[in-house]
Amino acid sequence: MTPPPVLSLITWSPFVGALLIMFTARHHPLAVRLIAAVTTGVSTIASLWIYVAYDREAAGFQFYEKLPLVPPLGISYELGVDGISLLLVLLTSVIIFAGVFASWTIAVRSQEFYALLLTLVTGVFGVFVTLDLFVFFLFYELAVLPMYLLIGVWGSSGEIRPRGIFAWAYREAGVGTKEYAAMKLTLYLLFGSAFILVGIFALYVNAGASSFSFVDLEGVSFAPAVQRWVFLAFYVGFGVLAGIWPLHTWSPDGHASAPTAVSMLHAGVLMKLGAYGVVRMGLGLLPGGAAELAWLMGTIACVNIVYGALSAMAQTDLKYVIAYSSVSHMGIVMLGAATLTETGLNGSVFQMFAHGVMTGLFFALVGLVYEKAHSREIGKMGGFGAVMPGIATAFTVGGLSSLGLPATAGFIAELLTFLGAWRSDHQWWLFPAVAGTFLTAVYVLRVAKQIFWGPPSPHFHDLEDARGPEWVALVLLVAVLVLFGMAPGVAIGPIDTATTLLLSRIVGP
Amino acid sequence: MPTAVPHGVGLDPAATNMALLVVLLPFVAFVLLAVVVPLRRRGQAAGAVSIAAIAVAFLAALFSWFVWKGDAHVQTWAWIPADEGPTATVGVLLDPLSNAMLVLVTLVSLLVQIYSLAYLRDERAPSLGRYYTYQSLFAFSMLGLVLSPSFIQMFVFWELVGLCSYLLIGYWYERPSAARAAVKAFWITKLGDLGFVIGIVMLWAATGTFEFHALFALAQEHALAIEGLGTIMLLIYLGAVGKSAQFPLHVWLPDAMEGPAPVSALIHAATMVTAGVFMVTRAQPLFVLVPDVLVLIGWVGAFTALLAATLACVESDIKRVLAYSTVSQLGYMMAAVGAGAPDAGFLHLLTHGLFKALLFLGAGAVIHAVGTNDIFRMGGLFRAMPQTGVVFIVGTLALAGLPPLAGFFSKEAVLAGVWDSGMTWPFLMLALTVLLTAFYMFRVVFLTFFGRVPATGHPHEPSWTMRGPLWVLAALTVLVGIRLAAGSVGGRHGPGWLAPLSVAAALGGIALAWAAYQRGAVDPGRLAATFPLSVIDVLARRRYGLDGLYAGLYRGFILGLSRLIGWIDRYLVDGVLNFVSASTLRGGDLLRRIQSGHAQDYVYGVAFGVLLLLVWSQWWAR
Amino acid sequence: MTLEMVGFWMVAAVLVASSLAVVLTPNLFHAVLYLAAALVATGLVFLLLDSPFLFAVQLLLYAVGVMTVVVFAIMLTERLVGERIVQTSRSLLNGAVVAGAVFVGVVGFLIRAPRSVLRPTLDADAIPAIGRALVGPFAVTLELLGLLLVVALLGALYFARTDE
Amino acid sequence: MSLNAYLTLAALVFAIGLFGVLTRRNAIGILLGIELMLNAVNINLVAFARFHGDLRGLVFTLFTIAITVAEVAVGLAIVIVIFRVRRTVEADRLDLLRG
């Protein structure tokens, strides 16, 4: 019996939604939102179903689909999920479902906005479920490119007064405007995808140029030199998207300029795409290269953690704080992967999920605060807790998760990463990672205190708490954060089946 | 030595289920209050739910205390799965140590929650609901900590109680000082927790387990000869330094008094701050493997006791005096644990929990009545509030260590334990602290309840919901004292001269306080100005510069570094990028001028190209 | 000194002289006439190279056809402007240096090139061979060229038509 | 005469044409220079064809001539259009494509 093509359903349902929105819902803003909610809802339900139905005993790729596209070149439409992508598909559907509600109030060209958003999500789902490297790359580009329009058209410009040694360059490049942010993000990510494409072709050619299938390539053991260089290419290419230092600066500008749902999706899911690429293709296809270059990955990850946290502390714009916190937390993801231990890798994948939800929550909240207060200047705010207690609570939960407080998902991820770090070949990684959690505590609580605590700020009047559909996003994300923090086994179980397989190729069974 | 460590591992489902009931009841209350918004908004109703839960939990704890007194029961469930057995487990460990703590925590929580109903009567209903939500969460977390069968679970709840402390200190979040104190408490304890987490990570990497019974078994078989065990235990101890406010991380506790008085009584006197002592006691079999660390713990404890006592002597805020007193008493407990007498330390923990809660609640009643924290603006309150006065004096006498109250016996045991272990200097510091303790506490008593009556205000006795808990605690202080005097518990007495010495020291302190603040025979200002005291006085008034040091480190180091990194990121890392981008734009602009639009200029270009080709083909292409 | 050498020198002298006149004379109309002379001289060079057919093509198509078009163009533009067009030149020195350099370069190249091959004797008449080549191997090229000419014609018409 | 003689002659004509293209102000003048250069090319082609006994050079010459005719036609048409629009054929003034 052929199983129903549930992965295709998950992947293409938003795309169908985008088409419907473009062709049937013109000038019906409510219909646009309903179509978006329904089609992403279908994806969400289907991804919950596969999450439950995934056979944890059997492990490996399940819900397999294959349809040859270009047989002579070995390109086929080949889908399947394992423990890692399972969780990330769930993450994506949760975030986009919340994102649809978080951008409910968008006013300008909402039809095109939702259509692009849904197209982008199709790309993201596609990346996570596809097992064919060529199709993978197509989906990858599909996930990256709509971002340019989404930020360039619906973004918001911040104000940055250029100072310092390159001030003229800042004026020249228009730093701070949404156009600048959109262009920077797109150029960076395309820069990265050039490396990825080269890497994919290098693998294809070195494996005998007969198949792009991940499953086939997994069986090939490449020469050490190929492993090293292609791994490096993947690391840089995907690493750009994962925000590795010093290629991370697109992310603060991009996230700060992007509209709420786009920030949520981008920081929550797209950055995971990079980390997922490194784990799946870097570690999965090039075990030798991974073992050889783990030191580089881990060290840069440590820089990310501490540097990101310190940069976040220095920001005065709320969105920048959150964006830099992503840079810091992606360091945890990369560090976990670099440990090449079971616990570390579990922590890495779990952190992808935890950070996705957490940062999605953060951006949703920042969006709400911005919408109500029309300001992102932390220094001006104060005492919002009294007028928006719901938002304050959700922000606190998100903040606690990001500083790794137990009973939130962030703790599990960080703990596992720490354990992995100390068991890896580079024990000293533990210390910057732990220091990062302290610095996170400093900046998160500082920001929370400044915004929500203290006497009410004189700059704002008539603020109110979240309303209606906005609650859906907040409650959903907070609940996921806490549930996965209290019962991590739900996620770690499937992750573990995948990571042990992955590791057995790197360090031997 | 009757240690507070499980002798063996048993499994009686009834026992562990009872313990689970105790810990889950407040959790259910918390979830109810957190999720059912209308209930929380009702304030008093929320309080009723929370109190009912903790009351049943208290009865269950009492039941378990009487039924499963002597033995240890463990049950665990997998929490974080991994390929070969779970990485981490959760569960309950019910043994005498945790059982005693269960009773203490549920009892004090119950009393404090009842007390709060009246104390916070004027709060808005949603705020009160929020308060009881936090209280339930705290009760759950503290009970979970107490019942932890593994380091990892202990750490989880350790952080959660820290969170509750943060939330409750910041309960009046509109006050900037409360907001500051809350984050300060969180950060400073977090600093210690870094050591804790690193320690348990290292321990796990070396042994592959977090569970106490497995680790203790290894320790008993002398199989725990890990390289760097000393470092690991020191790091774990750091967690206790932060949580139990040991020098030099004690600075957060006095500031934590920004929270409501009942919160201080519960969290910052009776329960959470003793978690550090509890943890070191719990992990005693591991600490005994590293005697150097134990000695350090003892020294730090004794020093903390003395230091905090001197700080308490110059403080004028009644709650802060009590806070320093708590720090000082925590130092006692730690000194006892460090001296290898964890039973004495734990006994002191229990008795101190009772009378310090009493003192804080009493102080709360006073503050509630007069509307200020400053002891110099109080006076003669004994006449207006005789009941409060009596129970406060009972608590003070217990803290000062006078027989037959509970504090006397536990303090005695601590001093004996330290003397027996041969740590002379720490013993002397602790003995001096006895005198100081009596002095500063009676300074508060005389200034508050006796002496001049200030002109303002009409203080009166609080309502019965506040008085009830006070009387219960006072009675317990006395009863436990009598029970201890009967001599069946805490069998550590030390040399014969010890009891007279400590009583004499306490009486001396009381006399000094009486002379200075009641009788006026000694001018406290002049006393403080005489030579050796004047130095301490000046330093203590500046809090030994520690608060300033932390503030400086925070502003100068962390914020400074962040500003530097922020600058580097924006103007160097991103700057180079923008430089490249702007240079490209500029370069393009420059090259654009070559495109003059005159066809003939292009022909020149072609001609030069031809020339280049010719030259190249003739001179280089051979 | 063979007949061919005498012919070559004479033709070369005419060609160079008329070429120079083309680029130097101020009168545009004269320049066109000198160009005609130069083109005829080129045709003569073809003749010296034993290609009477090309000589004919050059004469008929080029010298006559092109000249006619150019003359028409000049007359047309002069009529449009309503005055005589005076040919002036600019930056003569630059042009001379660059052109001279190119010449020197090419000549230098020629000098260093391997000794020139000897002129083979013609064994047959080239014209039928050219014809066969045009409809044989070069048939497609020829057709494309035809297409190009049509397109050029249409383009020229399109450009030159008046708007009304 | 040797091959080099013909080639040198062609080079000279080419250089003169180039000079014309570079120096003429009038667009028609520039076109005349181009004609000279193309002629020089033709001489080369024919000379090589003759000296190597290769017919293809001749065929190419034919093509060149044909293309030249087309080019002259289009070029002059453009000149006339420019004349109509801009009232000048001064090459210096024709810089619409300036960057």
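Chains: A, B, C and D, in written order; residue numbering restarts at 1 for each.
In this section, a residue touches a chain if its C-beta (ideal position, glycine included) is under 8 Å from a C-beta of that chain, and two chains touch if they have at least 3 such contacts.
These figures come from a predicted structure and were not determined experimentally.
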| item | value |
| --- | --- |
| Common touching chains of subunit D and subunit A | B |
| Chain pair, A-B or B-D, that carries the greater number of C-beta contacts | A-B |
| Chain of greatest Cα-centre distance to subunit A | C |
| Distance between the centres, which are taken as Cα means, of subunit B and subunit A, whole angstrom | 36 |
| Where subunit A and subunit C are represented by their mean Cα positions, the distance between them in whole Å | 68 |
| For subunit B paired with subunit D, centre-to-centre distance based on mean C-alpha positions, whole Å | 94 |
| Interchain centroid distance [CA atoms averaged], subunit B/subunit C, Å | 101 |
| Of all residues in subunit D, the ones touching two or more other chains | 18, 22, 92 |
| Contacts with two or more other chains, residues of subunit B listed in rising order | 604, 607 |
| Touching pairs - complete list by chain label | A-B, B-C, B-D, C-D |
| Residue ranges of subunit B touching subunit A (in the complex, touch as defined) | 78-83, 87-88, 126, 152, 155-157, 159-160, 163, 166, 170, 173-176, 178-180, 182-183, 186-187, 190-191, 194, 197-198, 201-202, 204-205, 554, 558-559, 561-563, 565-567, 569-579, 581-583, 585-586 |
| Parts of subunit D lying in touch with subunit B, wherever the complex brings them together | 18, 21-22, 30, 91-92, 94-99 |
| Residue ranges of subunit A in contact with subunit B within the complex | 163-166, 168-170, 172-173, 175, 184, 245-246, 249, 307, 310-311, 313-315, 342-343, 346, 383, 385-386, 389, 400, 405-407, 411-412, 415-416, 418-419, 422-423, 430-431, 434-435, 437-439, 441-443, 445-446, 449, 452-456, 488-489, 492-493, 496, 500 |
| Residue ranges of subunit B in contact with subunit D within the complex | 591-600, 603-604, 607 |
| Of subunit D, residues touching subunit C in the complex | 1-9, 11-20, 22-26, 28-29, 31-33, 35-36, 39, 42-43, 46-47, 49-53, 55-56, 58-59, 61-63, 65-74, 76-81, 83-84, 87, 89, 92 |
